[in-house]
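Below is one structure. I have some questions about it.
Every chain is named by a letter (A, B and C) in the order it is written, and numbering of its residues begins at 1.
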């Protein structure tokens, strides 16, 4: 049974490899993204030592690692699910002897593996060559970061699946998907680290899952969170992972009922 | 004669768009709100950044907001008339290009018309309001030449935007990747809105000559802000617009000849 | 005048050769290997105005590729095409005003809006005057009985209803040539025969040239005076349907039911010297295929003299069988006298 799910990982990995143009342009585009934000932040610092708890050097590292983490956790599962719902192929998924959501997770993970080995690692090397990125020195930070990166993927994928499943309830969820994408980029701390936001916004963010996607692992990588603090932020990620399972299951149940009643 | 035919078609497709939309009213509003949210996050970025610094590359907050307001105008026009986001999926993978090619109007034009998105124009309107508001803050006096020059610049910027995206879309005809590389551009398209001088040479060259998004933001807007250093570039906007748009049409027309059709 | 002239037409596709496995996929990321495949392989034919021509072949034989080149969707690799006096891909926008296209598998209509709205839009796209449009639409709607469907959105139509609407959509601008790619696919028998009747009438009253691809040979029998048969990108038969039948179909199948079990060896022994091919269904049932120049009575005298026969059926080979035979032999060359049919 589990080998079936492993196969979904493998197949997606191979599928991703097939799109060569996407691959090359992806590397270029991510490098450009890091470059633009690197220089933008340089200009914002303008010689100042520290802003919102980030030194200029930490900021450089943060920008590089956040974009590269995004290169890993990003996927289009929301769009895929929405398409399958809208064109009705989801009905076929229901008669297959596997769990649809788990399969989607596995496909996302296959894509993630591709993105990790083919995008993130080479991209990170390019970023280290081009910009003054400081890698963590303690092995604890490395291990903590890699574990947290995996949870970033899980949480982001959970959000994608949730938004994708919304296509069951609204006819056209393109707008919703775009909204989610924008919100995740901004409120996960990809574009601006959370600590830069005004205090009232920061306290709202603390109650939302988005910061667990980029900001928390980024903080570990830049060394702003160390030692037992790593366990604390990892705990927040695990908590969000568990909490997000609840709406996923509820929405999935409701979606099944809806499919059976309306016939798709 | 030919122009009257095409204008007539725009109207015909527009009324059909309205008829379709009236069946899915909820989606309409979700889409408008998600559009505005996308713009809002970019403004939030500007506000957050300027909470930590006085100027960015010699531009004040009001000036950067003004540039952003300008950007929204051509962007709204572009999104309304030249919506190519789902080209690969819909026309290449699902093969709707076959149908387009059996009809007596230019293929690209038909695709524009089938994907009209009038709600995007709301963004253009808001952009104008932002320009007027931040212009007021800057104490910019309305001059007689503002309106004709604005029209010229907006046309130029829209053509550049269109040109870039038509070129990127044409890649679908030449490459093996059905979805194309457009989704990767989401972030890059916004980089032309910041003072380009903060970036290093390579990125400046990319944003000016390769993916000339700087002409859809900082350069033309600088004209109204009376920034002497960007005057030449500002006047190049309509020229670049014509060059890029023409080049993109040529690439498209050649690309269509390589279209292979979908399935059997 | 010729409606369609095709000379040495060829379309090659470049197919990526995927290397298997993870290692192969990684290699493919950096260097690729391609193979050229001829989907249509130097074919030539002409179709005069007013003819209904059937274009048949197995899946992947190159039918759709040909149709797409004839309609200006694909650009040929080499060769000449003239349709309605145009080279389709060169003056595409002018050329398509004179043709109508129906893809059975894909809708030409807008999914969410009423059928009539789609028609109105097409009127504008093809620049048809309001009065011509009215007249033509009324005729078509009446002929195909679409009155109640006009205000419904396409997504609410059944397949048969949709296909009738597709036909109207393709004919609104009064094209002189109509291309139909599997127009009856998935339809029930009643709708199929309605559509056939309609096409026949269209051809008779308007002189419309029709080229259709199909897998349903009854379409061909009902409509076409001429058949072009394609296999692996090459034309293997081009001619009248009657001729095809008389050349190929004149053989007969004789089905024997025996009272006692017989073996294959016995069967061939009985008809030794006669050009007969046997197929055995069971120990008690076997069918003999004989070509036209062999008398059935010869077969009878041999078999009836040797075995205990309880029942006999004689049947002409159907078009279906003929076509199946041609496909499996890969050529429409008539086998020489005494040759054996491949069944």
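Here is the rule we go by: contacts are C-beta pairs under 8 Å (C-beta built on N, C-alpha and C of every residue); 3 or more make two chains touch, one makes a residue touch a chain.
The shown structure was predicted, so the numbers you read here are calculated from the model rather than taken from an experiment.
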Chain closest to the middle, measuring from C-alpha centroids that were averaged per chain: B
A-C against A-B, pair bridged by the larger set of C-beta contacts: A-B
Approximate Å spacing (C-alpha centroids) for the pair chain B, chain C: 46
Centroid distance [mean C-alpha coordinates] between chain C and chain A, Å: 50
Centroid distance [mean C-alpha coordinates] between chain B and chain A, Å: 27
Where chain A touches two or more other chains, by residue: 18, 20
Shared-contact residues (touching 2 or more other chains) in chain B: 24, 176
Complex interface listing, chain A residues touching chain C: 10, 13-14, 17-18, 20, 23, 118
Chain B-touching residues of chain C, taken from the complex the two chains share: 13, 16, 59-60, 64-65, 68, 71-75, 89, 92-94, 96-97, 99, 101, 103, 106, 108, 110, 112-114, 117, 120-121, 124-127, 153
Partner chain B, residues of chain A touching it in the complex: 18-22, 25-26, 29, 32-33, 35-36, 39-40, 42-46, 48, 51-52, 76, 83, 170-176, 178-179, 181-183, 185-186, 191-192, 196-198
Complex interface listing, chain B residues touching chain C: 5, 8-9, 12-13, 16, 19-20, 23-24, 95-99, 101-106, 110, 176, 257-261, 264
Partner chain A, residues of chain B touching it in the complex: 24, 26-27, 30-35, 37-38, 41, 44-45, 48-49, 51-53, 55-57, 89, 171, 175-177, 179, 181, 183-188, 191, 194-195, 198-200, 202-203, 206
